[in-house]
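Below is one structure, written out as C-alpha cells; comments come after it.
Chains: A, B and C, in written order; residue numbering restarts at 1 for each.
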C-alpha cells in the first residue's frame, strides 16, 4: 500500500483534465447570462461544491454505520476523510453562495433554507472534528464520531424542512418554476451541459481526494502502530 | 473452570495492553492477581466484568461466553472497583434497594437488610452515603457487589485509600466471602494485602501472566521473592 | 420475573434513583432554575421587552431559556454518573443497556418539565401573558422530549470526552435545531392564536423528530457506553 496505486495515478490525471474541461465549458462554452452577467458563472461551481459537501456528508454517515456494524478501522478513516474534504468544499460553497447572493439578492447573506442549512452542516462538521479532538482512545473516538455522523446526517433534512417551512428566496433552478424565487433564471442547453459537467467533474474530484485522504489516514495509522512497536507482535 | 481466558488480546488504539493472555480460575479459588502499575490488571478485570470488550481471544465465565452472553455473566458477577459505585445522595439502604432492582431481585428489602448486617453497616442504614468514611463506603461497595449473591467476585485494589482499621475490617468481610466458597479474583500491587487471603497467586506483567503458584507451592514467606523474580524475568525478556 | 418486567423495573429504578437523589440535594434543579431565571432577566434588558415585542418573541425567549437550562441539567446528570464511576455500576447490571438510556432520559425529562413548570408562571407574572394554554403545553412536551432524547445520548458521549464541559452544547445545538425552530414556531402560533391548521406542520415535525431520534438513540446507545 506504500506504492501509489496505478488506478489512483490515472484518476489524478483524469480529475485534472476534467477540471480543465469543466472550466473551459463554463467560461467559453456556456453563454453569459443576460441579467446577471459574469457573476452567474459562480453558479456552476457553487452548486458542484455544495453537491460534493452533501456527498461527503452521506459518505461519512454510511461509513459511520458500517463502522458500528463491522468495527473495522478503515470505516473510521473513510468517515473522517469524507468529513474533512466536505468541510472545505462546503466552506467554498457558502462563500461562493455569498458572492452570488450579492448581485442577485443585493445582500451577502440571506437566511434562506439552503444557505442556512449549509451553514448548519458546516457547524455539525466542526462539532464532529471537535469531538474527535477530545477523545484519546482511538476506538472510542471512532465509535463516538460514527454515532455523531449518523445523527447529523438524519437531522439535516429535518433542519432543511423546518427552515423551508419559513419563506424562501433561494432560486430553484433545476426542475421547478417557483415564480416567487427571485434571482432565478432558466438554463439554456449549453448552460445545462456546463452545469452537469461540473457536477460530474466535482464528483470525480471528490472521489480522488477521498482516496488520497484515506491513503493518508491508513499511513498515519501504520505510523502509530510502528511507534508502539506492534509490528513485532 | 469458573473463569477461563484464552489468548486474550486487548488494545487501546495502537497500544496493546494484553498480549494473548491465558488465565484460569477454578470454582472456589481465591486468586491474588499481582503486578506493577500498568501491567494490565485493571484491564483484565474490566474485561472479566464485561465492561470492556476483548479485541481477540476467548473469555468464559461460569460457562458463559463474553461478550456474547454478557447478561448471564453479569447476573453471576459481583464487582468491587476502586470507585465505590455508590450514590452519595442516597442512603446506604436506598443504594442497595436501587441495585437490587437493577438485578431484578425478588425480596429486595430483606436481602438489603441481610447484606447490611454482613458488612456491619446496619445501624447506619438510613444515613446518606455522602457522610460515610472511605472505609464505610468500601464496605457498602462490597455489600452492593454481593447483593445478588454472585458466584464470582472481582476486586480491583479494594484496599486503596483505606486506613489500617478499615483495611482490617475489609479483610474480615473478604475472608467471610471466601469462606462461603465464592470464586474470587483480587488485584493488588501491595503484596501484604493479598498474602493472607489468596489461595493462589498470579503475577501479571506487560499484559501476560508470567508466573502462577498456589500458597503451598510458594510458601508463606517467599511471596515477595516469587513476585520480584517473576516481574524481573518478564522484564528481562523484552 | 419475566424479562420485560425486569427491564421495566430496572428502568424505573434509575428514574426513582435520580429523582430521590435530586429531591435531597436539589443541586441540579436549583442551578437549572436559577440559570433559567437569569436568562429571562438578561433577555429583559437586552431586548427591551415592551408589550408589542413581547407578543412576537415570548416563544423564542422561552425556548432559548429551556434549551440553555436543559443543557446544564443534561451535562450535570450524566457527569454525576461518570465521576463517581456509577456508570460502571449501571453497566454491570444484567439488563439491556437501553434501559439505562431510557431511565436517564426520563429522569432528565422530568427535571426539564419541573423547570418549565416553574418558569412558565414566573414569566406569566413578570410580563402579564397567559402561558397556560393546552396547545403551548403540548408543544413544550413534544419539544422537550426531542431535546432530551438527543441530549441524553450526546451528554453520555460528552462526559467521556476530555473537553466535556464545553462540548455538549456544541454537539447538541446544531442537531437540536429542528426541535427548537419547530417549538418556537408552534409556541408562537398558539400564543398568537393562529389557526391550528397552520401550526400542524410544526407539530408534525416535532413528532417525527421525537420518534426518529428516540429510535436511533435507542439503537446506538450501546456503542456510546461500551469500551
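A few comments on the model shown:
Going forward, contacts are C-beta pairs under 8 Å (C-beta built on N, C-alpha and C of every residue); 3 or more make two chains touch, one makes a residue touch a chain.
Since the model is a prediction, treat every value here as computed from it, not as a measurement.
Averaging C-alpha coordinates per chain and comparing to subunit A, the farthest chain turns out to be B. Set side by side, A-B and A-C show the greater C-beta contact count at A-C. When chain centres are taken as C-alpha averages, the shortest distance to the whole-protein C-alpha average belongs to C. If each chain is reduced to the centroid of its CA atoms, subunit B and subunit C end up 38 Å from each other. Centres computed as Cα averages put subunit A at a distance of 50 Å from subunit B. Inter-chain spacing, taken between the CA centroids of subunit A and subunit C, is 32 Å. Counting partners per residue, subunit C has 226-227 as the residues that reach two or more other chains. Subunit B has no residue in contact with two or more other chains. Within subunit A, residues 136, 139 each touch two or more of the remaining chains. The part of subunit B that touches subunit C in the complex is made up of residues 46, 49-53, 71-72, 74-75, 77, 79, 81, 83-90, 94, 98-99, 101-104, 106, 128, 144.
Here subunit A touches subunit B in the complex through residues 136-139, 221, 224-225, 227-228, 230, 233, going by the rule given at the top. Listed in rising order, the residues of subunit B touching subunit A in the complex are 11-16, 19.
The residues of subunit C lying in touch with subunit A in their complex are 150, 153-154, 157, 160-164, 167, 170-171, 174-178, 181-182, 185, 201-202, 205, 208-209, 212-213, 216, 220, 223-224, 226-227. Subunit C makes touch with subunit B in their complex at residues 1, 5-6, 9-10, 12-14, 16-17, 20-22, 24-25, 84-86, 88-96, 226-227.
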